[in-house]
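Given below, in the form of structure tokens, are the structures.
Here come two complexes built around subunit A, the first alongside subunit B, the second alongside subunit C.
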Partner chain A sequence: MEKKIGVYICEGCDIGENLDMAKLQEIATKEYKVPVVKTHRAFCSSDGVDLIKKDIQEDGVNTIVVAACSHRIFYDVFDFGADTITERVNLREQVVWSHPVPKEAESSGESSGGGEEGEAATGVDEDTQMLAEDYIRMGIVKVQKKETPVPYQSEDEFVNNIMVIGGGFTGMTAALEAAETGYPVTIVERQKELGGFAKKIRQQLPMKTPFNTLEEPTIQGLIDKVSNHDNITIKTNIEIARISGAPGQFLVSFKEPGSKTEWDVPPKLEEGEEACGTTDAKDASGDAVEPAADQVNCADILSVDPDAEKFGAVVVAAGWRPYEPSEEEFKHLGLGKFKNVVTNVQFEEMAAKGRIEAKSVAFIQSPGRESDDSDFPYCSSVTSLVSLKQAQYVTRDNPGGKAYVFYQHMRTPGLYENFYKAAQQNDAVFLTKGAVTSVGASGDDDQLLVSVDNTLLGESIKVSVDMVVLATGMVPSTQFEPVINLAYRQGPEFKDLELFSGYCDSNFICFPYETRRTGIYAAGCVRQTMTMAECVEDATGAALKAIQCLESSNRGMAVHPRSGDVSYPEFFFQRCTQCKRCTEECPFGALDDDEKGTPKPNITRCRRCGTCMGACPERIVSFKDYSIDMIGSMVKAIEVPEEDEEKYRVLCLVCENDAYPAIDMAGMKGLKYSADVRFIQVRCLGSVNVVWIADALASGFDGVMLIGCRYGDDYQCHFTKGSELCNRRMDNVGETLQRLALESERVQQIQLSIDEYDKIPEEINKFMEVIDSVGFNPMKGF
Partner chain B sequence: MANANLIQPDLDFVKELTVEGGGGESLKKCFQCATCSVVCNVTHTDRPFPRKEMVWAQWGLKDKLLGDPDVWLCHQCSDCTAYCPRGAKPGEVLGAIRKISIQNNSWPSAIGKLVASPSGLIPLLMVPIFIFGAVILGLGRLNHLEGPIVYEKLVPIPAVDAIFMTAALFAALSFFTGIKKFWKAMLDATGRESVRGSVVPAIIAALSEIIAHKRFDKCEVTSARASAHKLVFWGFAGLAVTTTWALVYLYGFHLESPYSLINPMKWLAFASMCSLLYGIYKVVSNRKDNAEKAGEGSYFDWLFIWLVVLVGATGAMSWGIRLLGIAPLAYLTYFTHLVLVFSLFAYAPFSKMAHMVYRTTAMVFAHHVDMEK
Partner chain C sequence: MADNGTILVVGGGISGLTVALEAAEVGREVVIVERNPYLGGRVAQLNKYFPKLCPPTCGLEINFQRIKKNKKITYYTMTEVEKISGGPGDFQVSLKEMPRYVNEHCTVCAKCEEACDMDIPNEFNFGMNNRKAIYKPSEMAMPMRYVIDKSVTGTASQQKIQDSCPYGAIDFSMQPRTFNIDVASIVWATGWNPYDASKIDNLGFGKVPNVITNMMMERMASPGGPTGGSIVRPSDGKQVNSIAFVQCAGSRDENHLPYCSYVCCLASMKQTTYIREKNPESKATIFYIDLRSPGRYENFYKKVKDDENVSFVKGKVAKVEPGSDGNVILTVEDTVGGDIISQEFEMVVLATGMEPSTASERVPGGSVGYDENKFLLPGGDIIPAGVAKKPADVMTSGQISTAAALKAIQAAGAK
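And now, the complex of A and B:
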């Protein structure tokens, strides 16, 4: 496509009054020879838009730069269709609203308001003007380098069926929800029959308003519905050997539970363990890891099982397992010592079988004695609610029966407070906070003596009971096994499970169902302990996410969080050195390298963060509309003042997810900061290639700031690892700086979340002070 | 001492409170936030009530509650009930505990059960009706009622006095056993054998507090109750003085009733009657006004209130109708008055009337414990 560029500089929203518009136009016309350059008092008005549209239709303009407000505003107004490339230059939030304009500029601006071009505004702030000019340059260069992305097409067929792992309450609900919308679903259950734990209980916690009465189990109805549904296939007594492929085209190999097959997924190969060896010799002397005997025969992850079944997306509803205390763990509570000390799961099974014989039962929520008020491991509101439920069994089965509940925390969130109130109303349920110090023999019969300190009764008490029930927790299945058995080079399991105590990872606030494996969505207790009512909501959410995935993958679109993005990474393999950095760093395991180490991209797994682009030392990864060259050229387009001008220049690469909107907000609030800083928006700090930083410093920039999301245990990165990886790459920058004999302070990464817009001036000014203390970049002019 | 703190909840006690009409129906709603103890103006600060009483009651710890002076230090201002975020109505619950405490301490307990239940009302009233009826019929007084209305004609004063003396003796005996039992329970609950030193200073402190209504005056939500209670209290006190005065006239000076309207004793009687009637009217109207915040009150409460109302009303009417000269109605009213006064005094140890004794005892105990420190 022959590009014909049009630059449209808006005068509205204080821009025209505070900037020298004539000079801005000259940048486009003189420096870049742009054929069409226009101004208007408000391009967002219908007049303004029509002006641009007229140029497109009559003048053949197809590449548009709108220099006005932030691209986060009026994106629909300035959408000129897929045949044009449109770029926005942010002259409002990031220039005139956030930088000083002299008083006289305002008055002269008003007087010259009616005049058109040619009238040079007097009193324009020099630095602010330079900033605007640089942004015009960068915008023009950006569209010059940008290409229109073409959606990814695959030779393999995309399918639209969903596999649900787990035939319990959540799994069946997810299957039913998806099937009801018309998508074929297969439920995979390891046990011989559907139902999971919900089938083993006597009564279930309330599922409907006002959430105050126990309900008869509804699981059988669900099993019947699922079993008779035309869109649902059920596979029981079966296990997943491996899932290979990518969203829209997953290939699933099944096997008998517990058996070993050729298609079992091999474990992740560690460094030094590989057949072909790598140049990395860090671990060369390390202990030779002996491959487990039963894994030797596993086919490599890239081999294709001809018998595998094809699925478009996966919902993981693998549920939970009861916490298994070790023998010594709760010895002070008599577990393992007295036969009438049981766990809540054991008690539920007893209750499901028949009448509870014990006339008095103590329910213990917290094992911590006095020293520690923690509950049992993996406890939650569910275990609190279950204790209240089981207490009702005792008093219903035994007139005159008594149920004691000893807790450190009674968690009954939201409407479950109604259930607490109802449970409490039972005369024979005795509740108190307290530290249970011991459970011992009472002396007579099988009675147990429970000792509790620090109770609400104002003293230490002892009660004599027939039975003790410990509210042990619910451990997610992913704590014990990978469940999904992915044939991915990064390994068969979800990543970073240890950060979440084994719960299937997700950014629980923004994206609860997305795991770090695109196309695989978690629901129910595998992701977070929850009640059945909550599981319904969760299962529905995950089913809808799976459908979104199917309907995005087949259109060549990113699913999340850049939903609808049709660009994707392309690799110029001739220059690949097989360093595998992209394979290893991709937060989503989108790349599988072959035996040589050449990455094989799986585009539908990709979330388009560009981490591979940032990782590649050979710079062979690029997107049609986002590339090393594009950002590199934008950096070069910035005019770096000569040393004698005594002006600093700082490049600031900002994450589009949190930092960029925060900077816009700072502008909207009128917060002011240095005009020596040039922002460039990046998809994620993970996509920042060190070469941009090195080039900037080599061409005289005095410093480089990187503003991205929080990383670490409580990361907020939309791509999970981007900001963390960027931080790690700064080590490499350190070497570059040394080579250039520059101070390491010149490059800094800042963690910022979207609500911290008020910190922007402070952070920038702090960095400018640092630059001031180290002085001008000595490389200027070289 | 392995089982020193062994707790054995008394489920029947819990049910007695929470059963419909038990007065503590809202008990189990308490979730122990302690707002009640914070807003209470009459609680002491070292072991404040009523939060702890609420959890003891939920746990059926009857012995603890029966030996707890705090249950009686509560004046049911209902500040706690008004501020309770869960609608647990601690004021009402403590009232219900006091009812059980009265029943439990008073002797013989069978009468206590009758007083506490609406079905016991008729049998209880039959006792004075039968006694006075027997006297009237036995002495054939109905045939000698001609002429000016003189109540002496219906029942001879010595007979009235003899019956009331007996009733008072019975009440006093019952109260005595009740106080003894209550005192012992309070000693047990605090792990004491006996109190050290003389209780006289504590008694003086308690009585001066009661006469001035010092505690009652601290109520906020139902602040008007203190003045209403003062009127009733002073009304009763005045009537007690009047009665004594009349006894002196009769047995000391052999002056027969009715007395002249200019007799100062009449003035005192009239003033006391007005105080009692207006006071009890305020009690009723306050209760109605505060019902939303403080609760409706139980049968046990209302039985006592209506008894006082009727005693006052029939007393006033006996006088008024006598002056109007409507003989049959006057005698009938007087008869009713005698029956009601008998009920008020004979059943005092079992009705809410007993609060004057138990609350005083609890205050004496509390003052004494404070003074021991």
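And now, the complex of A and C:
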């Protein structure tokens, strides 16, 4: 497409009064020879928009720069369809509303200082004008470099079926919900039959309002439903050897549980290790060594299993395993010492088999260490509720039987309060807040003596019981094994397992289903401990996410957070030096390098953050509408004042989700900051390539700021790692600075939340003071 | 006849937005109806989320961007559902849009706000300060457009507002508009209201100065709130250095809300971090029955407990009375120590619970069931999501709402 550019500079919202509009137009007409340049009192008005539309229709303008307000408003007004490239230049929030403009009193009378170049220029602040001019330049360059993305299409066929890992309550629910929506589903279960833990229980916690009565297990009904569903295939007694491929085209190799096959996923390679399956493995001294027994014959991740089955998306409902206390861990509670001290899981199995013989049972919710009121590890509201459930077994099975529940905090949140209340009304259930200090032998028979401190009203009590049940926790399966066995270069398991105590990773709070493995969605207790009623919701939601992902993949669109984005990274492989940085840094494991280290992009795994683009030292990665060249050219378009002008220039790269909106907010609030700073919006700080910083400094910029979101355990990055990676790359920046003989203070990354807009002037001014202390960049003019 | 399988989502809070986006990103047509002049609902009023202590605007910004980019979503603000007829696959819905008096030409240039000389109580900040009669609904509102409070009509300020706008965006001739849409399924995500604390006689709200609610605390701590983020006493603006949180203010109480509101324990723990960070000399005490920070939230409780200036006392607050110099005296039965404690604080926060919006306003039509507390039951014609279904935090609302999106797609039938 031959681009015909139109630049439309708005005069509204204080822009016209405070900037020299004629000069701004000249930037476009003279410097860039833009054929159509217009101003209007308000381009967002009907006649303003019509003016642009008329140019599109009658004058063939197809590439549009609207220099007005932030792109975050009037996004619909300035949408001229898919056949045009439109870019917004922010002259309002980030120029006239946030920088010195002449006061009305001054502009009417004598203007301060020189620079009277015609009427419009009266009182225009020189620095603010320069800022606006640079933004116009950058806007024009941006549309020159931008291309319209074409959705990704694969030579291989996309499929729309879903694999559900785990045939327990959650897995079957997810399968049924997806199947009912019209998608073919395969349930994969390691055990010989479906049902999971829900099949081993005597009664289940209430599933429906008013949540106060135990229910007979409903699991068999669910098993029957999925077994007879036309859209559901069931594979039991089977395990996943590996999952390779990408959303829409996952390839799954199955195997017998516990067996070793050629298609087992190889362990993640550490640096310097050779891929397994190669027969000529060498040790550090270069001698050939025998491969380890468990690596024999396991094919490299890029090998394709001809017998693999193809799936579009995956739901992981691998559930939980009972917490296994170490021998010493709960010794004070008699676990391992007395046969009648059992865990809640053991007790449930006994109850499912038959009558509970014990006439008095103590249920302990919290291991009761000194001043520690925590429940057992991996506990939750479920373990509180299960104690209340199991207390009922005791009193029902034994007329005159007694159940004692010792707790620190009764965790029955929300509507489950009704279940707690029902237990309180049972005369044979004694609910006591207190710290259990020990379980010992009572002296007579097999009786156990439970000692409890700090019960209500401060008393210490001792209770003699037949049996003690510890409310131990439910550990996610992913704590023990990868489960998903991904044949990905970044390794077979979910990321951040350690940070999330073994639970599947999740972009926690706002977007709970988003994992760092696109197309793979966790549901049920593998994600967070939940009751069966909660698992129904979670499984249904995960089914939706799986459907959404395969539908998006089929349409060449990204999923969260750049949902619907059809741009994707393209690699110019001739210049790849196989440094592997892109493969290693991608937060979503979208790249698998081959034995030489050349990355193999899996586009439907990609979330379009541009981290690969930021990582590449050879600058071979680009998107049609976002590239090294595009941002680099924008940086070059900024006019760096000569040294004798005594004006600083600072480049500031800002992330689009947090920093950019915060800067807009600062403008709307009228907060003022230095006009020497030039903002460029980036997809994520992870996409920032060091070359932009190096080029800026080499061309005389006095400093570079990077503003992005907070990183660390409570990271806010929607690409999970962007700002953290950017920070790590600062080492490379340090080298660049050294090479240019520049002070390290000239480049700084700042962590800023979206709501910290009030700190923007302070942060910028602080940085400008630093620049002031190191002085002008000596590279100016080179 | 809704032959396009359109899904109607009633409520534009975090739950409604989630339902709408998740369904639209599968490829469905969605209409959102929101009563407020802005999207975002209750979370737009929150300062931070537990347990990450991150700003809700961050997630809202992503969701707003997703809406802006997705042509399958249409939304109406200041609009309510008047009547529903028909059934799944073929609903007819009558909507009523209230006049905003500001049209699509508003550039948020703020000239009108400068010109307006009439103040009204700021409801977004629970009346803790005033705003102009023409105002931006919230700092990062979506849509970013002014709205006029009806009370200004007929006053001298009306003309000043009218004259101030350079863009012809003020239109006092706007009238309520009723219109009909046909949809295939309906999701009800109307959320919750904070329980009216003045109904709890012994806790002194509205009678004893410097007793506020947890939602007021959210606004107070927010940089865009009535005090610009300072935690100070409403009565005299004094910086608060001793604060008490009263848990289960109305919740787990047969006379008020019999259920547990799920979020209040964690919300109070979160709010102790606000005051501890802003007023480093401060001490906070939480009076509770049980601390409900189950599962993955247990770590957050531990983190808060590690701060030695935060104490937790198991005890039921019996009385709240005015003390000296604007302080507040709490009388608490300490259920562990067995004593009756009487303690004075500079400010008291009532951890009031969430009452479903459907407790005060039922769904106007369609076959729909309620539980004893007027939460919506699943299984009817109308699909409940978020706190319309049960007390829930933001993360759980995300879960329920994503699930509701699938149920809505199923109910709408294959396209």
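Keep in mind that, in the parts below, the second predicted complex is superposed on the first by the 746 of 782 C-alpha atoms of A that agree within 3 Å, B and C clash if a C-alpha of one lies under 4 Å from a C-alpha of the other, contacts with A are read in each partner's own complex, and residues count from 1 in each chain.
The working rule: a contact is a pair of C-beta atoms (placed from the backbone, for glycine too) under 8 Å apart; a residue touches a chain by one contact, two chains touch by 3 or more.
Just so you know, these numbers come straight off a predicted model, no measurement behind them.
Aligning the shared subunit A places subunit B and subunit C in steric conflict. Look at A:456: by the touch rule set out above, it reaches both subunit B and subunit C. In the superposition on chain A, A:698 makes contact with neither subunit B nor subunit C. Considering which of subunit B and subunit C touches more of subunit A, the answer is C. Touch criterion met: A:13 reaches subunit C, while subunit B stays clear of it. Contacts of A:207 after superposition on the shared chain: neither subunit B nor subunit C is touched. Legend: residue contacts after superposition of the two complexes on their common chain; A:432 is shown touching subunit B, with no touch to subunit C. Judged by the touch definition given at the top, the superposed model places A:661 against subunit C, while subunit B stays out of reach.
Only one of the stretches 4-12, 166-174, 238-246 or 310-318 in subunit C has C-alpha atoms clashing with subunit B after the fit on chain A, and that stretch is 310-318. Within subunit A, the residues touched by subunit B in the first complex and by subunit C in the second are 421, 433, 456-458.
On the side of subunit C, the complex with subunit A involves touching residues 14, 21-22, 25-27, 47, 49, 51-55, 57-59, 61-63, 65-66, 68-70, 104-105, 107-110, 139-140, 144, 166-168, 222-224, 252, 258-262, 290-296, 298, 302, 314, 335-338, 371-372, 375, 377, 390-392, 394-396, 398-403, 405-407, 409-410, 414. Listing the residues of subunit A that touch subunit C in their complex gives 12-14, 42, 44-46, 69, 72-77, 177, 180-182, 209-210, 373-375, 379-382, 384, 407, 409-418, 421, 433, 454, 456-458, 500-501, 503, 508-513, 528-529, 534, 536-545, 547-548, 551-552, 555, 559-561, 563-564, 657-658, 661, 665, 668, 709-710, 714, 716, 718, 753-758.
The touching residues of subunit B, counted against subunit A in their complex, run 2-9, 11, 14-15, 18, 28-29, 31-32, 47, 52, 55-56, 58-61, 86. Residues 400, 402, 421, 424-428, 430-433, 449, 456-464 of subunit A are the ones touching subunit B in the complex.
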